[in-house]
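Think of it as A, B, C and D in the order they're written, each chain with its own count starting at 1.
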Amino acid sequence: MHLSESPPGTSPARLEAFSDGVLAIAATLLVLELHVPDAGQDLGPALIAQWPSYVVYVVSFATIGIIWVNHHGLFVHVRRVDRTLLFLNLLLLLAVSLIPFPTAVVGRFVTAERDSHLAAALYGGLMVLTSIAFTGVWRHITRDARLLGRGLDPMRARRESVLFSAGLAAYVAGVVVAFVSAELSLLIYGLVAVFYIFPWLPEPAG
Amino acid sequence: MHLSESPPGTSPARLEAFSDGVLAIAATLLVLELHVPDAGQDLGPALIAQWPSYVVYVVSFATIGIIWVNHHGLFVHVRRVDRTLLFLNLLLLLAVSLIPFPTAVVGRFVTAERDSHLAAALYGGLMVLTSIAFTGVWRHITRDARLLGRGLDPMRARRESVLFSAGLAAYVAGVVVAFVSAELSLLIYGLVAVFYIFPWLPEPAG
Amino acid sequence: MHLSESPPGTSPARLEAFSDGVLAIAATLLVLELHVPDAGQDLGPALIAQWPSYVVYVVSFATIGIIWVNHHGLFVHVRRVDRTLLFLNLLLLLAVSLIPFPTAVVGRFVTAERDSHLAAALYGGLMVLTSIAFTGVWRHITRDARLLGRGLDPMRARRESVLFSAGLAAYVAGVVVAFVSAELSLLIYGLVAVFYIFPWLPEPAG
Amino acid sequence: MHLSESPPGTSPARLEAFSDGVLAIAATLLVLELHVPDAGQDLGPALIAQWPSYVVYVVSFATIGIIWVNHHGLFVHVRRVDRTLLFLNLLLLLAVSLIPFPTAVVGRFVTAERDSHLAAALYGGLMVLTSIAFTGVWRHITRDARLLGRGLDPMRARRESVLFSAGLAAYVAGVVVAFVSAELSLLIYGLVAVFYIFPWLPEPAG
């Protein structure tokens, strides 16, 4: 590979830096949704009462973290970026930047008598959009040999596609389940995060 | 090109890193303006009632994203930075860092009986300032051969100047239209973002 | 060392960038917990009344800063990252991203008549979790020769392990002491930060 | 210069990245202190009423921007960092991360009948601390030949020291003036920012 084939501006370095920024901020802003009890309140019970906020905090942080790990893993293979990729990636970042909003809604409504279903479905709906945006980025990269670097094995690419589809299907299932049980739906979102922690594909030989 | 001509401190690397940081944070802070309904409210209607906030969220995120894409595309050509460029770039970042404020104002006032015009004009006014600041950065770079690297084609530079002017003119038009119809004005701001998504100029040969 | 042994994607560069982002944001978000008095209040007394918030601000900022310094010092030795390291590091970042929450709780409750003990214990509890997560990252790196670069001296690694354990033990002590005196417990957390400022180990020869 | 003299972990790259992060976030968080009027209020008068917040926003953003420019200009000369430098830099970042707090206090109190003096003095006090911290970073670097790279001219270093002292003296004057007139004091803080925009020293030959 000649360096001249990859001028600095079309390398993925700044795309990665900007994405790292948005992902890190979205993950860290989540803490602003944890409410500090007023000085007059009983601290213990007040902290315990917002347990759903802690659960969905961990699920959202883990989800953003896994998006980062996968983004990282994907862009290892990218040699150069084009304008379409910049905008597909922006679409992904737009979806991720919204995550703190349904996270806060779920934290507040999941134990409410009514509307917990809607809150859980809203959360899953954003996850579906995020999965679709990630799939768009992935497809654009793997279909264009000019973008791909050191040769991503086509068989591996196909198997990873299956992994993406599995996540998307689970999120769609979560949205459907939300209308039966908000807690069950949240459990599904959490299990998707746990699922992606395990390395389903062998690591590339270093 | 000798590397010694470009000592590390005058390379655009840190300017890009700082700009990426401000742009990523401004884009991600927008989510804090989406209000989580109180636990006592009807979630569905409360979420639907703030639809203008979602629209202007997408417009602002897309606008910041496009500023980033253009900033990225411009600094590909920059070989070194001078003190004037650092401050012109700070002026641009100052304008961008303010975007969450009129975004929140528009989200809250665009459906108000009165003052929606003022809110939409405020938003457009900041966009005009942002465009002027970006044009300042652009002009300073393209007029100084010591800053420009691998030779930006002068014809291309002139055509890009036209593109900048088009955006600026559209924002000015948006401010004027705001006093007739806030919604129409918002539509113009959105269309500017859509306009810049398309690659009007051929990509540089890689 | 052949460069080909360390493909760009498995180098720690993006892990460091993402970690720097989360640490910088968590540290900088702390300021949002300092409350600006209302315009009708007496500014002086109102500012003085929230002195515990300033103390815990400095302790938390120093703690995050020291985590960053140690993270920085550790990853100097890392030649490549694997998937397990990415997730252990995410666990550390999850703990750090939560720091603004107990910081705000302590600032509000440490001078309250009751519940100050619980607030101080909550703070220490998160520090214990953070220490455990950091230890996990550290152990995974130092036990795997494929991850370690330029040869970290095993004796040095053992002595640094002792330093980690010292911090962890101090935080556990802080949690226990919290139930006797919240102020004393806070003092312990502050002393841990001061303790880590001093270079207990010789710097590697440059 | 042999590369082996500057192992990656002691290079200033990560220190710069973390500093860029904190500076960018502190500058961008300022926007959260601009209050969006309630939907029932008259938008125009409500926006105009908080004009002091806009003034101090620009002063604070410019001040953080100039700290960044000077930090950038200083670290051009730094070849390697030591532990002391990491902590002196953290002290500087601690001071900068607090800037949004007095900024908000000044925005709210500078037009109040009483307490405007205290608010302006508080702001200046933090600026004094920031200047001292920056001077500490500067002195540590310029006094240690092992940290300095390509030879900063000693005469130039002395002249830059004078510039630092000028800024510090102006901030001290601002704090004193604050007790006579808050507006005048704010004007001084703004003039310091303007003063540093101009290149008082010749740029290093590229």
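The criterion applied here is as follows: a contact is a pair of C-beta atoms (placed from the backbone, for glycine too) under 8 Å apart; a residue touches a chain by one contact, two chains touch by 3 or more.
On a predicted model such as this, the values are computed, not experimentally measured, just so you know.
What is the shortest path, in steps, from subunit A to subunit D when you may only step between chains that touch?
The distance in steps between these two chains is 2.
Could you say what rotation angle superposes subunit A on its sequence twin subunit B, using C-alpha positions and rounding to the nearest 5°?
90
Given that subunit C and subunit D are copies of one sequence and touch, is their interface built from the same residue numbers on both sides (over half shared) or different ones?
Because under half of the interface numbers appear in both copies, subunit D and subunit C meet with different residues.
When the centre of a chain is set as the mean of its C-alpha atoms, what distance in Å lies between subunit B and subunit D?
The computed centroid separation for subunit B versus subunit D comes out at 25 Å.
State, to the nearest whole Å, the distance from the C-alpha centre of subunit B to the C-alpha centre of subunit C.
Taking the average C-alpha coordinate of subunit B and of subunit C, the gap between them is 35 Å.
Residues touching two or more other chains, restricted to subunit C: which are they?
As it turns out, subunit C has residues touching two or more other chains at 17, 21, 25, 29, 32.
By the document's touch rule, what are all the touching chain pairs in this structure?
So, checking each combination of chains, I get A-B, A-C, B-D, C-D as the touching pairs.
Hey, which residues of subunit A end up touching subunit B in the complex?
Within the complex, subunit A contacts subunit B at residues 5-10, 14-15, 17-18, 21-22, 25-26, 29, 32-33, 80, 82-83, 86-87, 90, 93-94, 97-98, 100-101, 104-105, 108-109, 112, 115, 118-119, 122, 146.
With touch defined as at the start, can you tell me which subunit B residues reach subunit A in the complex?
16-17, 20-21, 23-25, 27-32, 34, 36-39, 42-44, 47, 57-58, 61-62, 65, 68-69, 72-73, 75-77, 150, 197, 199, 203-204, 206
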